[in-house]
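Below you will find the structure I want to go over with you.
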Amino acid sequence: MNDHTYKKIELTGSSSVGIQDAIENAIARAAQTIHNMRWFEVIETRGHIDEGKIAHWQVTIKVGFTLGD
Amino acid sequence: MNDHTYKKIELTGSSSVGIQDAIENAIARAAQTIHNMRWFEVIETRGHIDEGKIAHWQVTIKVGFTLGD
Amino acid sequence: MNDHTYKKIELTGSSSVGIQDAIENAIARAAQTIHNMRWFEVIETRGHIDEGKIAHWQVTIKVGFTLGD
Amino acid sequence: MNDHTYKKIELTGSSSVGIQDAIENAIARAAQTIHNMRWFEVIETRGHIDEGKIAHWQVTIKVGFTLGD
Amino acid sequence: MNDHTYKKIELTGSSSVGIQDAIENAIARAAQTIHNMRWFEVIETRGHIDEGKIAHWQVTIKVGFTLGD
Amino acid sequence: MNDHTYKKIELTGSSSVGIQDAIENAIARAAQTIHNMRWFEVIETRGHIDEGKIAHWQVTIKVGFTLGD
Amino acid sequence: MNDHTYKKIELTGSSSVGIQDAIENAIARAAQTIHNMRWFEVIETRGHIDEGKIAHWQVTIKVGFTLGD
Amino acid sequence: MNDHTYKKIELTGSSSVGIQDAIENAIARAAQTIHNMRWFEVIETRGHIDEGKIAHWQVTIKVGFTLGD
Amino acid sequence: MNDHTYKKIELTGSSSVGIQDAIENAIARAAQTIHNMRWFEVIETRGHIDEGKIAHWQVTIKVGFTLGD
Amino acid sequence: MNDHTYKKIELTGSSSVGIQDAIENAIARAAQTIHNMRWFEVIETRGHIDEGKIAHWQVTIKVGFTLGD
Amino acid sequence: MNDHTYKKIELTGSSSVGIQDAIENAIARAAQTIHNMRWFEVIETRGHIDEGKIAHWQVTIKVGFTLGD
Amino acid sequence: MNDHTYKKIELTGSSSVGIQDAIENAIARAAQTIHNMRWFEVIETRGHIDEGKIAHWQVTIKVGFTLGD
């Protein structure tokens, strides 16, 4: 293993289903353009309420990926 | 959209099922008396352990709602 | 001066004008129902962006007021 | 034990005697109107100084209580 | 209830299934050697990403248990 | 409303005029290349002092914008 | 003085008397099995409320002790 | 540029006008006795409320200045 | 009341008696050279342990005082 | 000096040598594509352990650079 | 890779040489009794000063290791 | 050992060499006027980048020293 450098970006995924789905949506969207994603960290969990029920979960994560040489 | 003022209150929901159920319980209970709830933010996730298993999940959230004019 | 007890509540004021106006709006709204407000603390400053410009400033404050005996 | 929901409020108690007395004053005052208080958490300890001595201790706590069904 | 002393330890559970499963795995593993576990607090939620998908969830918790007299 | 993913970037705006102008400068600069900006959060407010006066205000914000599908 | 290594553990002491007694109880309990304790740091102060009065103070501390060579 | 050492002090400025005026007041007062001030960082923004209006803004800053050789 | 500027300094008081005594010792020592002290805030509570008992409590506070015009 | 806007990105550098080398590796890698880097801030220092020794140091930094007009 | 559980402990290493040496001392000491150490995180860096010079660096780290099945 | 009071001041040392040199520079500069320095704590590590390389490391520390009786 060499001395890699990683970049971390911050994403907010949303979902009407729940916390994990919001995270998976954000990672799936990022996978369209970023390769070599390695890890994520949950920063914040929140959501919108509509008519007394949770309409959307919104989870902010940081995603780390390897920068190519 | 006018210059609304929102109030935020802090609630702890509990559930023997899991994290999301604890949050939904807290919001359902609050909906009995508060209208115009708009968003929530998760502050803390914890729980009670009984005989080596999780007996209750306890999730503390802040809930924001619109103050009427 | 006696041994007063204070209650602190959390409000989010909004304004299309700016930070101070958002704070003043929140305090003016609270003054309709709360007497004896004594101090505030700014917790968070954020806002909505629309078409590349700030549409609304949103400032969250805590407000402390004296509980009557 | 059922799936209770708890509300947490923030109070600042003051006392010329000391830290614990300030906390106990805040809880005693809250007990006049709130039933089913279950726990408290100390958030901040501070005080006023007058003529080189502590005139008042001021302790901010969060108090959690059960919301009735 | 007497004046118990509790010890808190920090564990990271992992799971390919999700957040709650990672927490339950950590508590189940701890239950092999620790009795009288009473509560847990979630400290951090993160995970590994492999080929654009979440391979493992990793949740760090603190677990509190009663020290025998 | 669908399950959008948002990206958050961190910017520091500067201004000789004041806090709000520094924030507006940063957002105006970002608007040259980023569309669909939705919200900002103030992270840090600081500034340079020259000859006993504030020469530049520097405000660090996070800006969230919608990632296209 | 050599290059010692210290271990820090986290304990929660409880007491019906007050904050200092809760800390002293935790340290007295730890002293049954740990030698060479050197310092402590208060992490959190909270307590249980029963019938409008504080039933137990609960103070979480970290305790550092020297690891033998 | 040599290897300077800077000292940082903490000041609270107050103003009946607003946030920036409170900061500028604190820096103007410090300039009476401190030379070579280089930067400031806002730590906390709060204020006093009197009769339902903001009577004084109080902004706490850290100010860094070069120590002479 | 005019637009005062306050300076805040950080002190650590120690005492073999307890938390409040450590705070009062620090303020009494500061009063020898600083006039117009107005408030304090507790930052950290810790202590030294000797032979399984607390030998010294050490409490770090910030003290605010008015700067003369 | 004009009213520049800066962007801050988050990088994790790694090194088998040590903390400063990990930071310098991250900045050297970033310099391949980013011009006008102005400052960095250390966010987190950690590392991997293999067979009881540190195999890689991993230091996360934020790097600020000037956005061209 | 299975669903491992990791335990994290907190250590303070000291050294008259410097930061990295203090960390390496702590890990070397821990390696005497703990196998399968996997990572560390730096929590706090401090030190003792004697006669105007640094006598000992003290670095607190968390170390994570795999719990055997 | 008596009930000493300590004062803590905040310094930023700089160095073109590295982190430890920046800390040692700050302490050496402080030693010119302050006696009885006892400990330091690292608060922040950052630096300036010039032409893609680190030009200056800047480390902010708190230094505690004994106040004479």
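For clarity, chains are labelled A, B, C, D, E, F, G, H, I, J, K and L in written order, and residue numbers in each chain start from 1.
Note that a residue touches a chain if its C-beta (ideal position, glycine included) is under 8 Å from a C-beta of that chain, and two chains touch if they have at least 3 such contacts.
Remember, it's a predicted structure, so these values are computed and weren't measured experimentally.
K.L.:
Can you list every chain that touches chain B and also touches chain L?
P.N.:
A chain counts here if it touches both chain B and chain L, and no chain qualifies.
K.L.:
With residue numbers as the basis of comparison, which of the pairs J-K, C-H or H-L duplicates the interface of E-G in over half of its contact pairs?
P.N.:
Comparing each option in J-K, C-H or H-L with E-G, the repeat is H-L.
K.L.:
Considering chain C as a copy of chain H, what rotation angle in degrees (nearest 5) results from a C-alpha superposition of the former onto the latter?
P.N.:
In degrees, rounded to 5: 120.
K.L.:
As a quick test, compute the distance in whole Å between the mean CA positions of chain B and chain C.
P.N.:
About 22 Å, centre to centre.
K.L.:
How big is the gap, in whole Å, between where the Cα atoms of chain A centre and where those of chain C centre?
P.N.:
So the centroids are 32 Å from each other.
K.L.:
With chain centres taken as the means of their Cα atoms, state the distance from chain H to chain K in Å.
P.N.:
Spacing between the chain centres: roughly 38 Å.
K.L.:
Where in chain L do residues touch two or more of the other chains?
P.N.:
9-10, 19
K.L.:
If two chains touch, include that pair; go through all of them.
P.N.:
According to the stated criterion, the contacting chain pairs are A-B, A-E, A-F, A-J, B-C, B-D, B-E, C-D, C-F, C-H, D-G, D-I, E-G, E-K, F-H, F-J, G-I, G-K, H-I, H-L, I-L, J-K, J-L, K-L.
K.L.:
So in the complex, the part of chain K that touches chain L is made up of which residues?
P.N.:
My answer: residues 18-19, 44-49, 52-54.
K.L.:
What residues of chain A sit close enough to touch chain F in their complex?
P.N.:
Chain A residues touching chain F: 9-16, 22, 25-26, 29-30, 56, 60.
K.L.:
Note which residues of chain E are touching chain G in the complex, please.
P.N.:
These residues of chain E touch chain G: 1, 3-9, 62, 64, 67.
K.L.:
Write out the stretch or stretches of chain H touching chain F in their complex.
P.N.:
19-20, 23-24, 27-28, 31, 35, 37-42, 63
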